[in-house]
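Below is a structure I'd like to ask you about.
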């Protein structure tokens, strides 16, 4: 439908063509000629799939069975009472919130120190914190799994120094979620820090100097200058992080892939459930309906951001 | 005086704490490297030692002997390079045209592109899979690359950069000088946008190098796997011990980590410039 | 010369083993299959040396053929590769590429590759997993000559049934898995416990075999339960315990089939409660017998971290490779066991079906079948094989090769339903979450309620596929 609108738009463009001043006509031919394939790709690879995801949600649709039947809202309704979906949704939400709050809190702290009291170590901190961002998640998770190992892991060894008994980081249902959050925060915090750092560095020093002259303490400066000015950026980072965290998959997939017995399907998450329903149980429609719910989460987050962004900051 | 002194001590403590935290951040990477360099029996030591007692490169030899890591790295390279080139081309051309040519629907298209930029791939991966299946590209490199030839955010990003740094007067002057439209784009616009292009290239490369779920869906033949998927499969095979697995993990992460260490200023600037990862 | 000598032995053995193997049927299997098939198998020019046998095919295609085989059992990889090399030596125009991964990844790959017609030529799995693909004609039917071979008596009747769906043979049995109870001999004798052969004995022995560290945490489990992991593994272990509460004549499965051939969940009952309570109490009620935190399964057994656990025969191979000094044994499960068959199948999209079937037939030959047992530790599917050498080497094989017709009568296998995988995986997810629920300790009412919920879901899935019937 959306791609149809683009098509109509282009059609109007073409019929409008002769009215363009002759000297610029060549330029516009170029523009349409080059834009057309890009728009086509865009429609084929983004617009159509997004729209079709919603449509699929209304069908009983399977990769192995060519008979596709329209089932109305059945998939959407059945999902709401499906314990697998409920668990996955709950887990994913916990992971997303945990990751967002912790990674932004930590990133904000680190960025503030680097921006205002970093001295010479700022560059080093940037490198150390950003390295996880460029590390692919599969090897990173493997490294983490070894650190979290019950018997031979470094984390439990460190805990042992303080007399804390070994914890089953990857096999206890609650701790497994903690572990996933830990890995996600680790992978995300450097990115958030860099973005927040840019924001902090762009606040004119003049503001702080004026406040210092007025005798404002560091905390008051932070509270009344830094924080309010950082709100839009914080909001941006929050929304981006939450959306990404809702799509957690690789960490869980790799953590769960021990061969025998070990961490199994302890932490079902949404994307994993979509993947299972779509490709394992041959229920594309059901999986698509699940993806639509995930889409709704993203839309709500986007709306929150737009709504708050457009509110004038005082 | 005293006040100042105390303040600088606090500052020192915070800085030390921060570096310590930073070291925790790189610990998983350090641990993989350290594990990959020790003989298997040392894996079971408790408490675990930070460094190997007997250094060895055998695990790397074993990893490369047990699985086609060379092929996987090459596949990743092909995947990332082609994807990056396409994304640069489509983003630059699309962004430039959207920025500099007024036509009906321009604004609508722009908003549409911006709106899709934030929708995660996982949401619409099912229909993309069906499309690739219709094109008979399942289990092929083109099928792997196809969803990665455009980047909505890239188009948006280039458009904003063209508006910011390519004045209309310059374009008109170039046209009067007889430069063709294609020539303008290749010689003039792309030169003016060099920093933005390199930032986008870095992002695109990282994106495909670290991609996981799409390769997992679309590829069956392990000779076509990019290295992340290959590593995940390597992890699943029974007979691999952790030292060899770590060696494989180091191989899979080395390219981006080394590239980052070399190009770190540019990469961090790129991230701050593009605002995405 | 050497060859023909071995052949004679095999013929003799095939009579012996065949006779006791299919003791449910009074007569020994029809003509010594080993005799008629072995020559062709070893590739004597296109099967011409066994005229009229009817169970060898037309041989491989001519011209260059690149055949692919994929597997979900990494431990089978060397078996296939060895066979591929041997086959290539016989037929230089055929090269065979083998790729293996773990079962979970493999199943994921299969469910994508078969419908999109991008799978390897030969795939292998149990027919229970493959039924959805059979229903959609994504697997090639077995050619008539192969059907003749499969039904010629070289497999026992259970195995034959495991590859037969809707009256047609869909795959060629590759190896079978029967689960037995492994025990650490040293721990048992230290505790003065005999290898348990009844449920009561198992339940009594497990606490005696558990060890605790200074803090009171389990340091060695008395009985290692399957508490997480691959969905089918979790559900099957639960099922196995469930079966022990029935009798071979009236076995309890996860599903019950009515006279109309329809299915319904059959684990929300007293036996199910007993099993669930066993799990919950063993890992939640002091003194614990097992703990989620401690290592489990084969690895734990090899490291001496558990005294007993239930597993298939491939553990024997794994122990031989990784813990050769372990002093262990295995006993058959008290009542009966799950007995499933992995089979070779050919994708309908394969351009080299003729060669594929010929290679599969080659894999059925005795040298290849023997290497299944010696390299991977799985039980080869053919019954006409001399196991006495294996048993002399490792008596634990005895628990896998049970020939007691009474015990065999209760054999169950995965249900041949397209939705079986979904039922099993979802049930497993719930079970994993339930095992650790402390509120169910000594709470049979709560356990029954929980099982009832799972059974409702199972029945809903069955209904969605029109397979439900009380």
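In order of appearance the chains are A, B and C, and numbering begins at 1 in each one.
Keep this in mind: a residue touches a chain if its C-beta (ideal position, glycine included) is under 8 Å from a C-beta of that chain, and two chains touch if they have at least 3 such contacts.
Model, not experiment: these values are computed from the prediction.
Looking at A-C and B-C, the interface holding more C-beta pairs in contact is that of A-C. The chain with its Cα centroid farthest from the Cα centroid of chain A is C. Annotation: 15 Å between the Cα-based centres of chain A and chain B. Separating the CA-averaged centres of chain A and chain C is a span of 41 Å. Here the CA centre of chain B is 42 Å from the CA centre of chain C. Along chain A, residues 151, 257, 259, 279 each make contact with two or more other chains.
Across the assembly, chain C contributes residues 102, 104-105, 108, 112, 116 that each touch 2 or more other chains. Annotation for chain B: residues touching 2 or more other chains are 216-217, 232, 236-238.
By the touch criterion stated above, chain B contacts chain A in their complex at residues 11, 14-15, 18-19, 21-23, 25-29, 31-32, 35, 43-48, 90, 93-94, 97-98, 101, 103-105, 108-109, 112-113, 116, 118-120, 122-128, 130-131, 146-147, 149-150, 152, 155, 175, 180-182, 206, 209-210, 212-213, 216-217, 228-229, 231-232, 235-238, 242, 245-246, 248-250, 252-253, 256-257, 259-261, 264, 267-268, 271-272, 275-277. Put simply, chain C touches chain A in their complex at residues 102, 104-105, 107-108, 111-112, 114-116, 132-133, 135-136, 138, 215, 217, 226-231, 233-234, 292-300, 419, 421-422, 425-426, 428-430, 432-433, 436, 457. By the touch rule above, chain B contacts chain C in their complex via residues 133, 138-139, 216-217, 220-222, 232-233, 236-239. Across the complex, chain B is touched by residues 70, 74-75, 99-102, 104-105, 108-109, 112-113, 116, 118-120 of chain C. Across the interface of their complex, chain B is touched by residues 2, 5-6, 9-10, 12-13, 16, 26-28, 30-32, 34-35, 38-39, 41-42, 44-50, 52-53, 56, 110, 113-114, 117-119, 121, 124-140, 142-144, 146-147, 151-154, 157, 160, 186, 189-191, 194-195, 197-198, 236, 240, 243-244, 246-247, 249-250, 253-254, 257, 259, 271, 274-275, 278-279, 284, 287-288, 291, 294-295, 298, 302 of chain A.
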